[in-house]
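Here the chain labels run A, B and C in written order, and each chain numbers its own residues starting at 1.
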Amino acid sequence: MSTAKANLEILPRGVQVALGLGLIALVAFPFVGTDFYTQMVTRMMIMAIFAMSLDLLQGVSGLVSLGHAAYFGLAGYALAFLTPAGTPVSLWWTLPLAVLASGLAALIIGFFVVRTHGIYFIMVTMAFAQMVFYLFFDNKALGGSDGLYINFKPSAAVFGWTPFDLDNKLTLYYFTLGAMLLVYAFLRRLLWSPFGRTLAGIRVNEHRMRAMGFGTFGYKLSAFTLAGALAGLAGYLWGTQTGYINPELMGFHMSAHAIMMVILGGMGNFAGAIVGAFAFEYLLHVFKDLPTLGSVNLGKHWQLWMGLFIVLLVVFAPRGILGLVEKFTQRKSKAEAGHE
Amino acid sequence: MDLANFLIQLLNSVQYGLLLFMLAAGLTLIFGIMGVVNLAHGSFYMLGAYLAWSLSTLTGSLTLAILLGAVLSVVFGLALEWLLFRHFYKRDHLDQVLLTFGLIYIFEEVRSILWGDDVHGVTIPDVLSASVPLTENLSYPVYRLFMSGVCIALALGLYFMISKTRLGMKIRAGAFNRDMAESLGINIKLIHAVVFALGVGLAAVAGMIAAPVASVYPNMGSQVLIMCFVVVVIGGIGSVRGALISALLVGLVDTFGKVLLPSMAGMLVYMLMAAVLLWKPEGLFKQ
Amino acid sequence: MSEVLLSAKNLTKRFGGLAAVNDVSISLWRNHIHAVIGPNGAGKSTLTNLLSGDLPPTSGSVTLGSHDVTGWTPEKISGKGLGRSYQKTNIFLPFSVWENVRLASQSRAPNAARWLQRATGFAAVNARAEEALELAGLQHRKHSIAGTISHGEQRQLEIAMTLATEPQVLLLDEPLAGMGVAEAERMVALLLAIKKNHGILLVEHDMDAVFTLADKLTVMVNGQVIASGTPAQIRADAGVQAAYLGEEH
């Protein structure tokens, strides 16, 4: 067990600038990219919301959950159940309801799971997520292994007026971008709030927090529930974009992907989660698209490249991309100081 | 349910439970002694099964395949520990999760490259292919009794080694207080390597003997992994005795659950785990 | 006679067959330092853990003010006005000294769970933290990372964090551990300063400090109390001399 690390919570100026440029790029992207890439980046932004929700749990609070995808998928299923076969359903009440459903599931499961610690916590989060997975996988009434289709994207119509149409790929892109920015702003605020500082304290030294009078169970459960609800937001958007929900979205692989995104980017500041989500999704895309060398189809064996990449990452860059950037800029400023 | 059916389900429960124990014992020892969470444990089970298939096809004998496979998997375990795992004992659980998840991907692909993606069957040796009659119409396969027998033998061997041999004493000492054990001259590095290789070997052998019954297919590792985790959580980390009792309990609940309450079958084991956690958040026999 | 702030009666803690603390009764008054001394393994740390709620007693009771806090969780007991420092430094190493104390102070704020306001903007919380920092003499280290300050300063931070939770009762587990002469003198002065309005239970090995600070001493050996009284009485007690003081340098 290593000692708790300080997270990179205050983003260095260079990183802030880079993120700002990234935002400009995201806003401008649909006008320069094709439909295919607009959809791909929309999906990346959805995964970024999912990753940020996990960062709240993992990066800030220090709770490593291997079952976070359960709350992601549940909201998608909620949308699927709420959407009738013949007409679209309203965005304005299904979105909150789906998010609430995910949050409620996280609250219930969290009640059992948050009382455990360390390795136990990791294992039971995985176990309960698998339980939810099998609940849907085994029951035809819930869609079974085939999953469910969402025949119509949610409609934004209110009192006869439709402000925007999510069927339009551009509209969905900007809607998702807006959601991602809102979630980021909210979580950054949360990070510096008393609640956020308490979670950070729990991550670093839960024992001392309790000795100082903090009811840590309640705080952890709140974080777990909030993270689940935000994962639900991402899941709802996924269902909206793809029109299809299946149990795999709640499975172990999906949860593990989220963990990798958060680590890849750098934990604890939510910006890393966004960077990690984009990088991970892009990497997957690259690996799966590898050409055939001679008789070996490199793309078919994308899991091998992904696996090697992950192992190399954890051996050489455990604090992810932002961690490397921080190291690089520190070295640079040390070198500059040495020249004076 | 009449007596014969009940007996069949009971025997199935015990056989499934004992198989889970083989996997859970290694996992709980590796957790308890080295503090490493290993998501790739299920991959060892899968690799064992595929090894059994190819070795038995090669040699024509399942028994020979199992013996050979056991040796190979122990060597593999030693190599893996030396190369990777021993550098991660002191790292964050998160880093361990990441590492072992990467390994799952790598093992899946290695399996795909070496053995392909097809589902395979392994034939039961003739001497074990008979059935023991229970009633006029129902009988129980000898091979399943053989599986339970092998698991019991290995469980007894494990118990004997841990409680009665010097090696076992050193393992227990190392688990209890690593620094003290080291200062007493116990080679902790070697102990860790042995425990790890043992865990890998047990998992692989479980896969090998299960192969004829469960068949050999790509996803078999992840399915058994989660059951394994549930068994360790219920039993308590580090407790081999807890793993045994928990594995048998899970075997009973799962097998009888599928028969008596088929609509809830998949969830019953998790409900059991939830109930145990409410009562004892660190498992039944936490060290 | 000032009021009793903390009182433990017949506390026993068994681990299997071993009684680490055996039928111990002890009381703490306001404006009073009560020192617990004894050889290693006497059960002093276990006693502290029983009083703070880190361990549940096998039998016996603990009363804090007017509340029976037997078997309560550490956070609940802390909420009723008990603060504790640790023998092994138990601070937030990656945070700044200021954040360590601020977080401790935040535990007393009723709006500690607010989600959208900046944590560093709460005046009452900050005031409490400043005061604790000042008492402990650590203002000059305010912005240093706790992991980088000296051992003695870390021990001071331990105390500052405990003070920032505005306790009535302080349980201090070897606050002078590992300190040099100058640092120890500073710590003794600090403890004398905070003695006003607080009741302090002090577990210590440094006999000079103990006899300077203590109004009352309790001596524990093998989990039991073998003597309890004023420093003069304890010094003169033959049993204590034999068991403990005679062997101390």
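What we mean here is this: a contact is a pair of C-beta atoms (placed from the backbone, for glycine too) under 8 Å apart; a residue touches a chain by one contact, two chains touch by 3 or more.
Quantities reported herein were computed from a predicted structural model and do not represent experimental measurements.
Sorting all chain pairs by how many C-beta pairs they have in contact places A-B at the top. Note: the chain lying farthest from subunit C is B, by mean C-alpha position. One finds 43 Å separating the Cα centroids of subunit A and subunit C.
Centre-to-centre separation of subunit B and subunit C, using mean CA positions: 48 Å.
Between the CA-based centres of subunit A and subunit B the separation comes to 32 Å, rounded to the whole angstrom. Chain contacts: subunit C has no residue touching two or more partner chains. Within subunit A, contacts with two or more other chains are made by no residue at all. Counting only residues that touch two or more partner chains, subunit B has none.
Remark: subunit A residues 1-2, 58, 64, 66, 112-113, 115-120, 122-124, 126-128, 130-131, 134-135, 137-139, 252, 256, 259-260, 263, 301, 303-304, 306-311, 313-315, 318 touch subunit B in the complex.
Residue ranges on subunit C touching subunit A, taken from their complex, read 52, 54, 73-75, 78-79, 83-84, 90-95, 99, 103-104, 106-109, 111-120, 122, 145, 161, 165.
Against subunit A, the residues of subunit B that register as touching in their complex are 31, 35, 37, 39, 84, 87, 90-95, 97-99, 101-110, 112-113, 222, 226, 229-230, 232-233, 237, 263, 265-267, 270, 273-274, 277-278, 281-283. Subunit A makes touch with subunit C in their complex at residues 3-6, 189-190, 192-198, 200-201, 204-205, 207-216, 219, 222.
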